[in-house]
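Just below is one structure, and these are the notes that go with it.
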Amino acid sequence: MTDQPPDNPLQRRNFLKKTGAVGATVTLASFAGCAGDGGGGGDDTDTETVAGGGGDDTVQMEGFQVPSENVVPQSELDEAQAIPELTLIVNPPDAQPDDHETSMFVSEEIAKLGLDTTVETMTWPSQSSTVWDGTDWDMTFWQMVGRPSRLDPDEFSVQMGHSSFQQGYNYYFWEDEEYDEKVMAQREELDQAAREELIKECQQIFHDRGPSTFLMYPDKTIPWNSERWDGVVELNGMGAVNMLTFSNIEPTGDRTELNIAYDQELQALNPFDQSGEIDMIQHRMIWDRLAWPNESALPEPRLAEEFNWKDDTTLEVPIKEGHTFHDGEPVTAEDVKYSYNIHRDYSTYFSGPVEPVNEITVVDDHTVEFSFDYHFAPFPMAAMGRIAIIPKHKWTDIIENRMDVENPMLYQEEEPLGSGPMEFVHWRSSEEVRLERFDDHFDPIAYEARNSRIIPSVQTMLTQLENGTLDMLANYRGDKDVLRDRVDANDSLSMAATTTVGFKQISYNNDRPPFHIDGFRRAMNHRFDKETIVNDIYGGWGSIAPNTLVSSALESWHNDELERYEFSLQAAANELIEAGFVWDESDGMLYMPADNTEIDGDDKP
Amino acid sequence: MTLLEVNDLHVTYAGDPAVEAVRGVSFTLEEGETLGIVGESGCGKTTLAQAVMGALPDNGEITGGEIIFDGQDITHLSNRQRREIRWERMSMISQSAMNSLDPVYRVKDQIREAIQEHRDVSDAEAYERSRELMELVGLDPDRVEDYPHQLSGGMRQRVIIAMSLALDPDLIIADEPTTALDVIIQEQILYRIKELQRELGNSMVMVTHDISVVAETCDSMVVMYGGELMEAGNVDEIFNNAHHPYTLGLQNAFPSVEGEKRDLTSIPGSPPDLSEPLEGCPFASRCPFAAPECEEKVPVREPVDGHRVRCHEPVPFEQIRDRSGEDETWLSQNKV
Amino acid sequence: MSDQNKTALDSESNVDALDTELSTWRERQADAWRRRLAFLKREPMGLAGILILLAIVLVAIFAPVIAPYEPTETDYGNSLAPPSAEHPLGTDSAGRDIFSQLVFGARPALQIGLLSAISVAFVGMNVGLVAGYYGGYVDDALMRLVDFAYGIPFTPFIIVLVALWEPSKWTIVGAIALLLWRQTARVVRSHVLNLKEKPFVKSARTVGASDRRIIYRHIAPNVLPLVFLYGSFAIAWAILTEAAISYLGFGDPTAVTWGQMLQSAQQSQALARDAWWWFTMPGIAIMLTVISAFLIGRGYEEQLNPELQEP
Amino acid sequence: MGLKEFVTRRIIQIVVLYFAIATMLFFLFRAAPGDPLAAYIGTGFTQEQAAQIRATFGLDQPIHVQYWKYMTSLVTFNFGLSYITGDPVWGIIQDRIWNTLVLMGTSVILAYLIGVPFGAYLAWNRGTKRERFGVVFALISRSAPVFWTGLLGIWIFSFKLGWLPAGSMSQPGVTYSSKLAQFTSPSFLRHLILPALVQAFYFYSLPALLMRNSMLEVMNEDFVDFAELKGISDFSVMLKHAARNALLPIVTAFAVAAGFAVGGSVVLETVFAWPGLGREMVRAVIANDYPVAQATFLILAGLVLVANFLADLAYGYLDPRITYD
Amino acid sequence: MAITEQSLNWDYDGPIMEVAGLEKHFPQSTGIVHQLIGGDTKHVKAVDGVDMAIESGETMGLVGESGCGKSTLGEVLIGLQEPTGGSIKFLGTELSSMSDAQHKEFRRNVQMIFQDPYESLNPRFSVEQWIREPLEVHDIDNQDERIYEALERAELTPPENYIGEHPHELSGGERQRVSIARALVLEPKFIVADEPVSMLDVSVRASILNLLRKLVDELDMGALYISHDLSLIRQMCDRTSVMYLGKVVERGPTERLIKGPKHPYARALLDAVPVPNPEHNISEPQLEGEPPDPVDLPEGCNFRPRCPFAAEECFEEPGLDAYETADGEHAAACWRVETVDEM
């Protein structure tokens, strides 16, 4: 059953104004004879049972029914019960038109419950400062992108779910003791199946309590010139732009330089800083890691020969012998130790993953040993797959003599030096970064150079791909339908569309009434018409997400038994009724339960 | 020998409405002679001068009559033919001499430009000539290095005079050359012009509103009003034996520091609208002696040889001369 | 009027006299207007400008009547439809009617344009008047302020203001008002310097008129045409600026403005989709409005023909 | 007053102005709502780590200390570090300033080369149909937003015809020994054509319309009539007297044009993905990268002031009436 | 007009306008750097120590070349410019020490008529508005009557025909009459006329001069008439002062001065005036060149460098008392009057 008008829900809909309650006020339908009219229920709706109420004693609201005891006159309502206007924060439509569209749509659907809602657009920086650093917000649109490290569900599950990460990735102030226990338990679980089970249980808890509503796992669409290049690897959860692609790819003809487009400026070529999505591949081409993910997104030795867990808390890692940095100096265990220690000495993005490390010992020239405080299963992926191996001989000098900043993360080498399959040639800011093949690499690549072009305009990017200037678009952010049409029309082009581990969600400020009430959040979850959102607004470029942090791209980790919240006004109303919410008799506005207007820490059902 | 002969010249400015500024003026200028053209603003005297010089504004056109210069009809010359005569044979000191120098070039360059445009002389020669000319007009030759803004108004006027003499033209047209200057500078300039003319023997047309200037500098004169010639002749003759009420009115309106102080007369009313055709005497509407016949075409009479008057003489001219000296004569006319 | 044309009014027929006086007064008023508008006859470009602007104003006023759809009304089933009977100028990627958006876009465009023009004219005129009239330290101080405003790069300044504060058309108007008065002030000042030496101003001082009276009764009306001229240029600048700011992504994302339309066309790759109607139309609307302001300004300038520079 | 004193005075004035603008900018940014470092710190740092980063950027110091550091940076060019990349801001600017100057310089020069003769041509044909069309044409190019004509240009010349590159500054993968080598390479020039033309298409109308007005005014001056009187040919009169004098206000306008060109770089460079100051500033503002945004703004403002100064000097050179007081 | 307690001394029987040692020096603008390094500011001495007294009913002529300071003196007298030295007494009261009320009364009683009839009327005011303005400013009643009266006095009759006109609808002579009407509507006691007819056609000059002359007599005003042309001065003025480089160099009854100028400068000035008499051919000018820059004035007599009669004694600056007739009416600031007379 549906509670919408028969036509497409997105049709004949007005944008909500930026401020002021527009279109959100729900009027009561023929309210005069509340008791008498209520019996019949909605005329064209399949009558759904109203929780806690019989058919006789219900009031027909616009689109749903409510037991009459949940409809109270104004006089009985306490001011504290009033629900203020709820604001949904989203980036401006020019940045993410579909996200904005979705927010408008959802906001309107939520309003139908008797709420004042509004959508506020904020640029990403102000959104991040409002949401990340503040508590003064209601709902926010949010997205996370897929990165190699996120191929292990640990990062999202812990950082976005564990209560200790509030103010961090858990910016929506969610806490659940059971979840906390389980999510930490999976970290120490060695048995893969058991770990999968724990992760799935975590997902179930998250799903049921609904601190956030997941919309979709978006597809990553990567087009490339398949006439010229062979060997693009589509990596589940990551898409075609990944390390495997760039180490496998081979030119089919004379042109042996790969021109690849990015839409924004590289942030840095600094081995300790890879905050930008764009930097990632450059990075891995210049600096080797001990490990990297294989096609199943599991960590696989790279510079390391193998991972040798000597016991729960000791990992011995031998590295490849005879490998050198681009300047010809050998890569030694000392370099590895030095590289990891920097992240222990300074705060960097990877200080977290190396925190459990107790000590790093150089066993011999080509072996290091990590000892941990506790067993830390994600280490190979979260740390070894990410931390760049740097030449100690160069960086000791930099840190001791040349660095004029306090954190090496902020120091930009003139000529970045690593041991990866490619050497740095030039970086003309906002123009291009050029890397050339490092012939002495242990896993040599089949092409001579790679030019990363910075091209902010998607149209330009696309044209240059079509006319052969470019070989691949690393982060095409434009319209995917357009891309598909263009690729279809051009024989030399191919494209991959891969569901990623990233996601789009709308999060609630769990610390703020009325979102502190589970029933309210669950009711929110019933207001998402994900089919329409994913298929119509996002054009089907993504997978509908059940309420979980673990993408369906990660087949073994994803809990596919989660039941989706039904998109139904009545179902939402039922959650509210059950949680004790009431409606104002006169204007149909929703009020909080009289006894639950304050946050008291524990309000589990 | 006659240098310049203007016959029944008509000049019209196109526009809405069109204005016929000069309406059939004739005069001749003998070589070496100075002719004064006097009249009040809007009488067509400047247009007349510009027509002779071939320097009418773009919308001005000679619509009748002829101008014969040194035996050659120059009424309708092409631009190119004009340029050959201009400056070479006929030069002009314009009303706005103060602003006639290009502010961005030095004086020497502007004089040189005038010379080299017409004569094939070297820069050095032209420079020498410019210094000579400066001396001729009583300026320090070194000031050729100056920019116009570094010179005073009187000096600029002298530079213009120097330029007008650069090619030793036969005719110099001076259009109100001293209007914007005070009496002392005016005297200096006029004196210099006269002296040079006397030395070099050029002819000159002096256009001015000031009959005292004409009296002091000219041999013959033409009095204009409403685009038409009112009276013309030898300066002495006109001053002593004027026939036309307008000429007399003008003379009586002019103050003098000479002789006994006398009351001045004024001529009430305003000049005719030159955009409208006019049959009779243009001065009739302001003339205290006007009679009905003045509305009709007025022929030019020649009471004395060489003295031309365009007036019906509705009352005997002796009477006109006597009565025009009294202010009441003029004032009474207005109180019809 | 010449003296002989003036005859005494017949004192016996006072009523007639009054009538005549009234009718001559009316004629005179009509004459005055005819004179003021006469430049249009001589300046067909100015007339064209006025007609275009008038059309745009009418469109803005009657937008709800003219527009066949709500400008924000989406119809995903009918996105990127080329011009047709149903959608005269096609639709955008969300199926919104381009024509309706254009029609409603005229409102903010005119609001921004006119408000900017008024504020630029108001500030510029007063600064110019005060600086020019009082001279001395007042002048020095105000002119340094003008230099200051001239030293600030226009578009970047507006971007900074709009980005740091709320992206709305009011911020844009405010930002324009903060900077663009500089030119009006400079031009007005130089004219005031000239005017205040005119005998009629001295005459006003001689009769004991106050500074205020002299500035606003004697000088201001004589610089008003200039202010009007620069005001019309400010309309043009404001609309162009709003468009540029929106294009760069600093506009009010919820507003239906021409700049915002171009921005979303750009974001949605209208060109790559060959949706030329989406991309060209708002640009043409901007051009028409801007050019109407320029045409009026120029037509007027041709009449005034002072030594002017425009930005 | 001599030239020397005039120059000294103008330089003092410009420096004072520059510091005033810098001060305004400082307080503008400080008064802005929001935490500038949010974007940088956001991702999962502890409070201590965040504090450390704040200290790195000097944001832990009292406002007057920050102000002092900021003002000294105007002299030392030590504008601090980018909030986003952590790179020294001056390095970022150094890279881009030449790119901006070359693009803007080319387009402004082009605009003047086209606009001045065009304006003179219009003045000469005063009152004709040609003149009217010319003026309308100039007004049209003045009315079209630059980014719009730019995108249309890209659409036509790059997407449809494929003649010119659609953006950026050079072809992929070439290493240049110096900026000069890059700027003189054929590939660079090919990339320069479209943006420079688009900008010039907008800018030429300013000198053109001004020149027309100015010529018409000068043509009414007595000295032009007088030059004609002297028997000088029409063409010489136009060129030597009318055009030469008409150029004077155009020179002043050059400063205004340069100012607008510098400001307009934010739009043009964004359209054409030109790695210049303007685009960098837009990026920095969007990303709340305050140090970069402030520094680029200041450099742009500095360029505007320098352009004004040069125009003053040029005016004095061209007009002998200016005595530098 | 009502007389208040604070009002000016209307019973004063001395000259209506009296100045002594009047100075108006304009600082020449110098660069900021110049000032910083302590250079001294130079002054243009437009008016440099002028003594003059004008009686009610009398017209004083002020004659001199352009740039001699005569216009500045006129503007200083009616308070358009502040003097930098000396005293101005109106009805015996020092201008600088007047109370506000007195100052307002002073404003009402001194008026000026300007040279350029095309710029001395506000183009946007009708004749009526223009003449009404002074009445509004001084809050005077019976405005309509007074406007009519003023127009009639200025011989703009009948006034009805003129009150609605705007300046561009009037001829030059009519405009000048409007200016006169505006000046007269306040019934002033002192009036400055700065070359009021020099831009008018010859045929209307006389009527304006005659009108002014008549009004000065009728209204018993004091007047200062400024011109560079002695022939006009002669028609208008009872007494005349000749001004050169900021100083009065000769003063006397107009006819006497014209018949027998004493100062060489006055002689030159008179000689330069063209005469409408064909017998009188232009003669060699007595003065060459132009007055020097009034910043660096010559030592001694200002006129010395241009003076054809300059001698040793002229290095000492002569005062107006250097030559004075017995009756004291005619005086000249020249040491050599007698010598030159004899030559």
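By letter and in written order, the chains are A, B, C, D and E; residue numbering begins at 1 in each of them.
Just so we're on the same page, a residue touches a chain if its C-beta (ideal position, glycine included) is under 8 Å from a C-beta of that chain, and two chains touch if they have at least 3 such contacts.
Computed from a predicted model, the values in this text were never measured in an experiment.
Engineer: Indicate the lowest number of steps between chain C and chain D, counting one step per move to a touching chain.
Structural biologist: 1
Engineer: Going by the average position of its CA atoms, which chain sits the greatest distance from chain B?
Structural biologist: Here the answer is chain A, farthest from chain B.
Engineer: Would you mind pulling out the distance in Å between where the CA atoms of chain B average out and where those of chain C do?
Structural biologist: 49
Engineer: Averaging over Cα atoms per chain, report the distance between chain A and chain D in Å.
Structural biologist: About 41 Å separates the centre of chain A from that of chain D.
Engineer: Please work out the Cα centroid separation of chain A and chain E, and write it as a whole number of Å.
Structural biologist: 89
Engineer: Find every residue in chain D that makes contact with two or more other chains and list them.
Structural biologist: 33, 154, 159, 270, 286
Engineer: Quick check: what residues of chain E touch more than one other chain, meaning two or more?
Structural biologist: Only 171 qualify.
Engineer: Check each residue of chain C and list the ones that touch at least two other chains.
Structural biologist: 2, 163, 249, 271-272
Engineer: Per the contact definition, I'd like the list of chain C residues that touch chain A in the complex.
Structural biologist: Checking each residue of chain C against chain A gives 70, 72-77, 93-94, 163, 167, 249, 251-254, 260, 263-264, 267-269, 271-273.
Engineer: Which of the residues in chain E come into contact with chain C in the complex?
Structural biologist: Against chain C, chain E makes touches at 75, 78-80, 104, 107-108, 110-112, 114-116, 119-124, 133-134, 137-138, 158, 160-161, 164-165, 169-171, 174, 179, 182-183, 186.
Engineer: Which bits of chain B are touching chain D when the two form their complex?
Structural biologist: For chain B paired with chain D, touching residues are 53, 55, 79, 82-88, 91-92, 94, 96, 99-104, 106, 113-114, 117-118, 147, 149, 160, 163.
Engineer: Across the complex, what residues on chain A touch chain C?
Structural biologist: 8, 10-15, 17-18, 92-95, 97, 100-101, 121, 123, 458-459, 462-463, 478-479, 482, 486, 536-537
Engineer: Show which residues of chain A lie in contact with chain D when the two form their complex.
Structural biologist: 123-126, 128-130, 132-133, 159, 165, 168-169, 257, 259, 264-265, 267-268, 270, 273, 275, 347, 349, 351-352, 405-407, 409-412, 425-426, 428-432, 434, 449, 451, 453-457, 459-460, 463-464, 467, 469-470
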